[in-house]
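First up is the structure itself, then whatever we jot down about it.
Chain lettering (A, B and C) follows the sequence in which the chains are written, and residue indices restart at 1 in each chain.
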Amino acid sequence: MDLKLKIWRQASRDAKGKFVDYEVHNISSDASFLEMMDLLNEDLVEKGEEPVAFDHDCREGICGMCSLFINGRPHGPDSAITTCQLHMRKFKDGETIVIEPWRAKPFPVIKDLIVDRSAFDELIQAGGYISVSTGGVPDANAIPVSREKAELAMDAAACIGCGACVAACKNASAMLFVSAKVSQFALLPQGKIEAKERVQKMVAKMDDLGFGNCTNTYACEAECPKEISVTNIARMNREFFVAKIS
Amino acid sequence: MSNRYYSSLTKKYIMALMGLFLFTFLVVHLSINLLLVFDPTRVLFNEAAHFMGTNPFIQIFQWVLFAGFAIHIFYGVVLQIQNWIARGKGYKRKALSEESIFSKYMIYTGIVIFIFLVIHLGNFFVLKMQGRVPEFEHTANAGMEDMGLLVVNLFKNGGYVIFYVILLLIMGFHLDHAFQSAFQSIGWNHRKYTPFIKGLGHFLAIVLTAGFIIIPVIIYYR
Amino acid sequence: MAKLDSKIPKGRLAEKWTLYKEYQKLVSPANKRKIEIIVVGTGLAGGAAAASLGEMGFKVKVFCIQDSPRRAHSIAAQGGINAAKNYPNDGDTIYRLYYDTIKGGDYRAREANTYRLAEVSNNIIDQCVAQGVPFAREYGGYLANRSFGGAQVSRTFYARGQTGQQLLLGAYGALSKEIKKGSVELYTRREMLDLVVMKDGRARGIIVRNLFTGEIERYSAHAVLIASGGYGNVFFLSTNAMTLNGGAVWQSYKRGALFANPCFVQIHPTCIPVHGDYQSKLTLMSESLRNDGRIWVPKKLEDAKKIQKGEMKGIDIPEEDRDYYLERRYPAFGNLVPRDVASRAAKERCDAGYGVGKTGLAVFLDFKDAIERLGRDVIEARYGNLFQMYEKIVDENPYEVPMRIYPAIHYTMGGLWVDYELQSNIPGLFVAGEANFSDHGANRLGASALMQGLADGYFIIPFTMQNYLADQIAVGEITTDSEEFEKVEKEVKDRIDKLMSIKGTETVDSIHKRLGHIMWDNVGMSRNKEGLEKAIEEIQALRKEFWTNVKVPGKKDGINLELEKALRVADFLELGELMARDALHREESAGGHFREEYQTEEGEAMRNDQDFMYVAAWEYTGDDKEPKLNKEKLVYEETEIKQRNYKTA
């Protein structure tokens, strides 16, 4: 198939970017979206032009490195997948595809389609862990955890930190990301002990970093490649309230 | 403005609680207004209006209500401005993510409701404050203001009716998202009860909107 | 010749680690603050080690190639992690876990290291649960286990199909905690390009390229830990992440560290087949599929040809014309033979022309019988995610038509040579996780990679590194202004300048693809003398071509993805040759290394314990010079040595 691409090009963090039109030809519908991007880049290199910079790594939908806002949707026109798992058969021959970077104040573009997502690392550093040092822990079976709680914790823990929730949210809110971590630990007895401090620290950090507020629009849930539920956001709201009043 | 005083979640909490409070106001308001439909003599309505206008508790509570509106509006605007700033540069291609539609326009429906509120207060409340409401002619209620007549006269005007109906529909869109959203914001989410809350939210939005709409329509055709 | 001292502690196998810990030297808390450690890589091994060393009070600098430590490729491991907890009460012990691991590796790993791995396995599970890793649980609230290839007990702990992710996020959390505390300093988007070794022979620092700015940076420390993962990407197509590379280990090799058993590469039998030459990455599907799926190819050559041409489909072939070759060849284990055996059998059928799919390089994995026997619901509950992933990629519904699978490069057992302390022959250079060679021998069992990464990171490196650092307190702060740093940095810059100045016509990827073909055809699943000799020549020629005709556009500063790739491929072009040399010299078949000359009449691997029961540790002698072979004899004091046999129980 032949496609027209409109891709955001930006030389550096401070440079002014613009959309540049490209064409790619003879793309197999079995190719993945990133393989199509590889072909475009190989083409550009052949021509002596600079290839389009985009983040990617594991190419199996788990590392969370790939991003791209494709035709108005993070990770493109399919659900429950990352961009690396998107295949060209989801597009029509001759279609124009608009490819943009994630847009959010806390995720500045650093080159072309690459954004700086270190804000997510800072959020985790603010308290997204259980404060336990190596060694000196009890036997793994010493504290039973109900299967239901363990499964819910796993649902939340499946987050890959790609940032699609922020990209999709009309407010660029990081609530789904933060609430998934808060939920995972709030659900487990091991994490309960410092649950109150954790939720307060993470929320404060989220506000400091300049993420938007949640307006319960739920685009985050619709676009999350791991289908993390907004019930986690409600759980975080609850945890936060309890932490504040007690 | 900044999050130094209240965190984003606290603001959302306040928004949600004020919103739910305003819901109760709407329910009371609608029940009183419906008296006009069920009782063409306006006796019941005017009595209720008189009670609301003279009861000291209600008089104090009225200011609580105003505060509720003010806080809800203030934080709504603050949060929205923060949200616009958080996005920074927007997307070229319009976002197509599947989402709750009315939630996207809360600020706009909110602004419309605010304008409506001003006009609405102008229509009734200001006149009443200025003592320009005619006296109720019903014999048993001597000395009482005929608020009902004010309403009936207003809704004999077809243009006004259409205007009210449109604005009420927009209010309905606001309410439809508002109810379940408020519960989500205060953290009341449960796999068993949330579907019920969502249903109740739609139900309330429809009943309140339809209820408010039928009043001018019926009066107009009566 | 380098001196190989494995430093295995005295005593009985089960006592060695305890004795080691009792006699190792320690660093006092006040002194720890003055000692700096560099950790390269933030996967299970690197992340866990950096976090643990930070907790202990050392000053740690940790480097990752991606934008965040959480992206390391450990995250992609699906199946699970082994431990000898014996929670199911099915007779598991530390010794049994050890024995399964050493036997699965065809007795080419070091006895004491592998035993220690089994010994600390239980601590890993305790640690991870305390960190909030949501392992699968039974209804009673206790941890669930499942079985995995190569074992007769259920000892694998898992978190859905995302065990690696959850364990890595646990380590990432621990690391984040230390970063916040200030004991660990994080450097992202940095790639290690060289190791700095001082005149006294000690490793004291690294040279990295800032992938953001293109700047070449120097970092010094009292000790360096490399945990940069494996080198499977030498094959171009593999299940490894795109940025995984052999740079850190290869440059260390060129600075004097020995490279052990480079030819031991694991090939995973259940990957989605290659579908076009534009492809850059293969997708692995969990081995667990073989529990219920039956593997077959057509019996008749003409049927296979028709399928390849697209004139016929797998479902059109009647039962009697299907060849369930694993069940035919290995009646006792059937479709559940170990990874290497299953992979080779698939290649054998495809080479004989019976392969399916457009390329003829695939075999069927059929769930028809399982669906009939158990019902679609059960299959969906067990493999729903995998089936969905397969359908997204291939656009075929595996509930209705058989899946197509083919083996792919997955893991490298070889790596830098380390002693019992996980220290290389360069003092101060430690190596952990997949980057070292130590625990898996010639073949790794499923669910053991995660175990090794975390064992090294949480429980071994923090002890053994202290033993080294104990007498380093007096050294004081290490400056990056020394002439050694100067010299190595200049060499790195020269290498980059040279690459940029070639301005040839071949893209980096096209040369990498050609290298991949040479490797896959000759140094892949089965190898022979002739092919290996040919591969060495071809790689040398390709290397020459690379250095005269590669095209690297753009500038050396700022983000330049082509330059990054070129630097990695330059390493692979040398590493590939060493792999071929190692494979050529090892005249036996063991684990992932199968030499066609050394097989039984039935086509099974033939090990030669008499002549090859040693670790081949290669020593760099100069560019384009033959490396020197050092041998570390493997001594099994408390281990019965058996032949692997999957035909009869």
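The criterion applied here is as follows: a contact is a pair of C-beta atoms (placed from the backbone, for glycine too) under 8 Å apart; a residue touches a chain by one contact, two chains touch by 3 or more.
Remember, it's a predicted structure, so these values are computed and weren't measured experimentally.
**Student:** Compute per-chain Cα centres, compare each with the mean of all protein Cα atoms, and return the closest chain.
**Tutor:** When every chain is reduced to its C-alpha mean, the one closest to the whole-protein mean is A.
**Student:** Where centres are the averaged C-alpha coordinates, which chain has the largest centre distance to subunit A?
**Tutor:** Comparing chain centres, B lies farthest from subunit A.
**Student:** State, to the nearest whole Å, the distance from the C-alpha centre of subunit A to the C-alpha centre of subunit B.
**Tutor:** 37
**Student:** Which integer distance in Å separates the CA centroid of subunit A from that of subunit C?
**Tutor:** 27
**Student:** Measuring centre to centre with CA averages, how many angstrom lie between subunit B and subunit C?
**Tutor:** Taking the average C-alpha coordinate of subunit B and of subunit C, the gap between them is 63 Å.
**Student:** So which bits of subunit C are touching at least two other chains?
**Tutor:** Expected reply: no residues.
**Student:** Pull out every residue in subunit A that's touching 2 or more other chains.
**Tutor:** Nothing qualifies.
**Student:** Spell out the part of subunit A that touches subunit B in their complex, as residue ranges.
**Tutor:** Of all residues in subunit A, those touching subunit B are 6, 8, 19, 69, 71-74, 77, 98, 100, 103-106, 168, 170-173, 203-204, 206-208, 210-219, 222-223, 230-231, 233-241, 244.
**Student:** Hey, which residues of subunit C end up touching subunit A in the complex?
**Tutor:** For this pair, the touching residues of subunit C are 48, 51-52, 55, 66-73, 75-76, 85, 87, 123, 125-143, 159-160, 162, 164-166, 169, 172-174, 176-177, 179-180, 186, 188, 212, 239, 241-243, 275-276, 278-281, 283-284, 389, 392-395, 458-459, 462, 507, 509, 551, 553-554, 558-559, 561-562.
**Student:** How about subunit B: which of its residues touch subunit A in the complex?
**Tutor:** Where subunit B meets subunit A, its residues are 3, 7-13, 79, 82-83, 85-100, 103-104, 106, 177, 180-181, 183-189, 191, 194.
**Student:** Per the contact definition, I'd like the list of subunit A residues that touch subunit C in the complex.
**Tutor:** Subunit A reaches subunit C through residues 11-12, 28, 30-32, 34-35, 38-39, 41-42, 45-46, 48-51, 53, 55-65, 78, 81, 85, 87, 89, 110-111, 114, 116-118, 120-121, 124-126, 128-135, 137-141, 143-147, 150-151, 153-154, 157-158, 160-161, 184-185, 188, 190-191.
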